[in-house]
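The following pair of complexes shares a single chain, chain A, combined with chain B in the former and chain C in the latter.
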Partner chain A sequence: MKTISARQTGIIIFLTIFANKILLLPSIMYQKSQADAVFVMFGIFALELFILWVFLSLKKRYPYQNLQQILKKSIGKYLSKVLIFVFLIFFLFKTILTYSVVYVYLKDLVYQDEFGFLALVCFLPVVNHAVVCGLRAMGRTFELFYYLILAGVIFCLAIAFFTEISIPVFFTANVGAMFNSAFTHLFSFGDYLVLFVFIDKISLEKKDYKKILSFAFFAIILVLMIFSIFYAKYQITSFMHNNALADLLVFSVQFNAIGRLDIVAMLTIMTLGLFQLEIFQYAFCESFVMVFDKLSIKYAIAVFDILFFVIYFILIGKYELMIQLTTQYLSYFSLLSNFIVPIIIACCLFKKKKELKE
Partner chain B sequence: MKKIYDWIKKYPFILVLVIILLFFTPFAIFSPGESRKRAIVLAIGLDKIEDKYEISLLTFIPTPNQEFTESNSVISGIGSSISEAVFDAQLTLGKNIGLSHAKTTVVNEKMLEEDITSSLDYLSRIASLSENTVFICTNSSAKDLLLATSSLEENLGLKLDQLISYNSNEVYTMDTSLEAFYRGYYSPQKSSIIGYIEHVKEDEQNQTSSQDNSQSNSQSESQSGGASGEQSGGDENSSSQSAVKQSNSSSQSEQKSLTEKDKQRGSISGQSEILNIGEAVVLREGKKVAMLDIDNINSLKLLTNKKSFDTIKITDVKYEQDKAFDMAFTIKNKQVAIKTDFQNGVPMFIINLNLGVQLSEIDTKGEEFKEESQFTQITQEIDAKIQNVLKNEFVKALKILRDSKADVIGVYEKFYRSNRKDFLKFLNNLDDKDDYLNNIVFVMNFKIQSDG
Partner chain C sequence: MKQIVEEKIENFKNQFHDSDDFASRIFICDQGTIGFVFLKSMSDPILFSQNIYLPIQNYAKTISSDNLINVILKNNVIEKIESKDIIKNILDGKVVVFSDFFNDYISVDITSYPTRTPSEPPTSPVIQGPREGFVEDFKTNMTLIRRRIHSKDLVFETMFVGQITQTKVILTYIDKVADKKVVKHIKNKISKIKINGIVDSYYILSFLEKRPNSLFKQIGNSEKPDVVVSKMLEGKVAIIVDNSPIVLTVPFILMEDMQSSNDYYTNHHYSSVVRFIRMLGLLIAIVAPGFYLALQLFHYNILPLNFLITIADTTQGLPFTPFLEILFIFLLFQILYEVSLRLPSYLGLATSVVGALILGDTGVKAGLISPPGVIITALAKIALYTVPEQQSQITVLQIIFIILGGSLGILGIVCGFIYVVNYLNTLNDFDTPYMAPYAPRIRKDLQDGLIKVPPNDMKSPPSSFAGPINKEGK
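Showing the complex of A and B:
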């Protein structure tokens, strides 16, 4: 089996942690919890480390088995399929959300008009092709572009320091508002879940765990920095800026003469968006193959494309509706996918441990 | 055929690439240039004529030529809303407008009599507007200002955005962008500050010059910073027009007529004139509540750590028995530390200023001047006089802010950050919560050193 290295796994974690968090999220989180959204993010990231711990423990115990094989032994065939089906739905909507956020960003800054069909023609074949090529090819590509993406993100953050920033006013939101904000935007998290669906395709040794954790921590620190600097720069008008990473570069009279510096953010976001779409679609297809074990990955891709087209272009159609869907209804669903399912998996793990001891 | 099929199967990405190329290449080749479909807007002007809005767009029309000149024109549209006016302008132009290069938004002063945000709503919503657009106000119509700009650019190569960038970086040293306006508008203090540029029409200018001619050798006028080069010679006998006085602009500028301002402060002239005298408009809840002149702005700038090289003028500094000179000092270095405190329930806003000043000019008033070097040292008298001037100027500026209840210097924020509980308690005890500036004690401590 073609597997990916610990470094490639780390980069996948790095890329997924950025998903849906660097454009719209800082702005909409500010509306509920003001600058204290940074603490909300910190809290959710801390909680999510539990998922990473579950994954690493699972990988340690079952180095070569896939998720379905692991779950089948503990909870049976059908229940395991139900749990994986939850992941399937999660990744489908996660891909749609990632696509719509990146699409709206590109529409606002590059195309000015609707270019839905054009974007679809550009994105889908490339993403489908990446999925067909498999995880190793994707991993190598990510490895190749990793430093470019990192340089883009750091450049955006660094430029922000040359403009007028001041420490944001913290502790203005009450605890209720912070919990409400965390729950509402829960769907934008659950990034480590991708690792579960291709657990068997990751080759990890005990010494690599630190490497995985360092990538995760590094990405978390960068995301928290984007949030903090964004709030430091825009403060009370943060709610007006929907493209956080790109907006860190602009809105400065000092840079009027330089012109469109935001091209750096544009390239970074486009590359990040494309890679995130590839990861999430791959995760969807892997889940699909595990649920419908008689169908190959090509069927999974075809089903994904049809579902993507139907849900995004016909049922949802509008960006606002997509955001409404993710912040209202899918929050409950992500509670299930992000926490309840990993808890069930953790329980299975402990049960197995107990059995082995006995 | 089988070979080709096998090859494609082996390298499917080539097929993907070919399909994309086949699909997009004809579009790219046969579609007209973007400049044919879209006009590049460099500045936006907003006016309100009765119930209708007029939007004026300073547009850059890219045309191939062998000279290094740009052809700009002002296109306007009228409608009952800004979006309708934009559509009207597009109709006139026969192109869609691209606002991503618009670096200036100008509004007519009259529009600031009402909450301006309702008029700016369209601009704040459309994401295509350049996000660092500077927001300014003008006395006459915004359209006229843009027309004047257009002719200036063609005749002299002077651009409005250059002028505004200079103002932002050197004169105001504070953010006067549309973004900063909204930041102030949505803050608890609801106040913001925007730039002000006057426009003098050609007929007014003619009247001015005819009046000037009729006056018989009244006073000497000198113009500084003007691009027109209309510098009249200075009258040596007129002590009131001394070099020192010219370097420090008068604080009574608001009371002067436009003509006098034009004469004393200089202007940029093309077919009509743009008068940039560093004034700013204070807005509260989106409405104009006060005007700040250059002296007020300079004194408020003392609260920021940004370098601004302002000039301080002091008079009658004694040396050599009875001789007294006027002097001008330039602030070369500035360190500001602001502390907020509550003493017996009274909020104290303490400004500690560490200034490094350099003697830039001495008006000897015709006296013999021997020891020039001694003035590089800050004597007690000079120290006291500089402090006095700065304090007086700050008091004047603060009075304007207090009267208009407009906190554009971030007093609220500083108290909220440092003494949140006490400050909120203090606000709750006030009859009018917006009038907090009047109930705060401002203390200025100076440490003035020579930076010669």
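Showing the complex of A and C:
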């Protein structure tokens, strides 16, 4: 089987944690919990380590089986398909959300006019092709671009850091607001779930766990740094800046006088967005194949494309509707996919462990 | 008795369709008749007379089947052959000797045909280091390799390809270093080649490639024995094809084309810098025209104001759109390139004058093309030759990226680039990742990547080739 290494897995984790939290999320989270959104993020990240723990335990116990094979033994064929179907829906909307966020960025800052179909024409064939190429090719591509992306992000952060910033005002939101913020933005998390659907395509040894964790922690630290510097830079106007990473550069007046540096953010965001789309679409297709086990991945891609076109005309480009969907309806769904399903999987794991002990 | 030998000669002559270069001689002695057949175009008639015919004439009275081999002068390779191998031996330039008083067929090597002496290949000149290059003769090429590897582990395996040409294809590798699976796989692929003729090593490329329709090169090649030998020391298998100065090497990774033989004969710090420049050159060659178009058409706000004013000034009043302008200049350069390749050398200067002065300068002055457009396209075309081995692929990619940049802007270029990289990462011929040692990252092999370490630190062959199973899965 074509597998990916621990390093490539770590990079996938890094990209999924990082990519969909650096554009829209800082601004919309500020509306609910102000600068304390950093603490909210920290809290959710800490909670999410549970998902990572479940994944690593699962991998340790079943190194060569896929999720369906693992779940089938514990909860039966149909219930396992239901759980994977939850993942399938989660990844479908995750992909749509990522498209929407990148679309908003491209429309606002890069092309400055109606751009929808152009973005679609660009992204869809590339993402479809990547899924056809498979996880191994994708993992290698991510590995190749990892340092470039990192350099781009750090460059944006450094430029923002060395321009006018002041310490953000923390501890202004009450605990209720923070919980509310955490719940409403839950859909932007659940990034470790992608690992479950291609668990059998990852080669991990016990010594690699540290590597995986280090990539996850690094991504978390970087996201928290972006949030902090973004709030430090824009303070109470943070909610107006919908493209956090790009806005860190756009309004850096001193550096703009020398030459426009937007290109760095542009290339970084486009690459990151594309990679995240690849990961989520691949996760969708893998889940699809597990649910509808008689259909190949090419059918999964075709189904995704059809669904995508349908949802595209309803959602993408409609900023308000998209926010409403993710912060109201999908939050409940995220609770199910991000926590309840992993808890069920963990229970299956413990049940199996107990049975083995007995 | 004489009749038997004459009949045999007549038979051979018929098999060669009375070809003018077919030669035969008859020598009659007391014991019987001796026949000789060979091809004048492949053998040396003087050697035949001096080393074979005259000695036999001198010992005519005592000659027998037992002492015939001893009579022929020993500076030629002599062997007894079976009747089924007679034609093959004649075609190889050997004289086949037979008689009516003994049953054996004796083949004597007097092969002689014009060959080029090894000289510096025009495609890969070096400032320091060996200047020898392969030639069209396979024997010379084998010698050039053997001279560099004094080891009993060096293996040459000859196969014949081409239903009509029966061209010699020689597989060469170092037994203890090369991966047996790769050797077996190549042998298997070569043995299955069904083609009328092989004129150059390029003919067998598509039979060896896993994806023959791919734009990208999947088999390495070189005209320099030192390069081929160093690749063989890394565990690769070389394929010599008779009548071709280009020796193929497998497996192939993209990084090979970033390396030049010069890198190994100069300071390693300098080599690292040069490799970075080559990488940058490759990148500029692929995306520069497309990127310039994207900036000009979609993202002009990114450009510094002074540069933007220059572009606006120079492109004002042009009859073409920026997209067509770049395509036009690109086409112009490509035509000039093709012309310079095929024109006789004494007309080279005239091409330069026509290209640089008349087409370039006058084109700008006439307001047909803009100076930035010419500069960017020229830069891309020149940068292409930092990695000349990738010239054909890059030219196609340039056109694709011009279209992407001109129609979709930077997003098109990013998408195109990632598409290409994703595709390259699927290439995994002979279990060797195409983008190694960077994707997947093979730490040990980074020593000869973009940053090169001194030779004393490169102690073992790279694991990208030595191990047959993909590394990242382990």
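Rule of thumb we're sticking to: the second predicted complex is superposed on the first by the 350 of 358 C-alpha atoms of A that agree within 3 Å, B and C clash if a C-alpha of one lies under 4 Å from a C-alpha of the other, contacts with A are read in each partner's own complex, and residues count from 1 in each chain.
The criterion applied here is as follows: a residue touches a chain if its C-beta (ideal position, glycine included) is under 8 Å from a C-beta of that chain, and two chains touch if they have at least 3 such contacts.
Worth saying up front: this structure is predicted, and the values here are computed from it rather than measured.
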Requested in this report: Classify the contacts of A:234 with the two partner chains as first (chain B alone), second (chain C alone), both, or neither.
Outcome: first
Query raised in the report: Is A:271 in contact with chain B, with chain C, with both, or with neither (first, second, both, neither)?
Result: second
Report task. Identify the partner contact of A:126: answer first if only chain B is touched, second if only chain C is, both if each is, neither if none is. Result -> both
Query raised in the report: Who does A:247 touch here: chain B (first), chain C (second), both, or neither?
Result: first
Requested in this report: Check the residue A:108 against both partner chains and state whether it touches chain B (first), chain C (second), both, or neither.
Outcome: first
Requested in this report: In the overlay, answer first, second, both or neither for which of chain B and chain C A:293 touches.
Outcome: neither
Report task. State whether A:320 touches chain B only (first), chain C only (second), both chains, or neither. Result -> neither
Query raised in the report: So, A:203: does it touch chain B (first), chain C (second), both, or neither?
Result: second
Query raised in the report: If you count the residues of chain A that each partner touches, which comes out higher, chain B or chain C?
Result: C
Query raised in the report: Looking at chain A, which of its residues have contacts with both chain B and chain C?
Result: 121-122, 125-126, 129, 133, 260
Report task. Using the touch definition up top, name the residues of chain B that touch chain A in the complex. Result -> 12-13, 16, 19-20, 23, 98, 100, 103, 124, 127-128, 130-132, 134, 161, 165, 168-169, 175-177, 179, 182-183, 186-187, 413, 416-417
Query raised in the report: Residues of chain C touching chain A in their complex?
Result: 298-299, 301-304, 408-412, 414-415, 418-419, 421-423, 425-426, 433, 435, 438-441, 470-474
Report summary line: Interface with chain C, chain A side, in the complex: residues 1-5, 7-8, 106, 110-111, 118-119, 121-123, 125-126, 129-130, 133-134, 136-141, 143-145, 203, 259-260, 262-263, 266-267, 270-271, 274-275
Query raised in the report: Hey, which residues of chain A end up touching chain B in the complex?
Result: 108-109, 112, 121-122, 125-126, 129, 132-133, 164, 167, 169, 234-237, 240, 242, 247, 250-257, 260
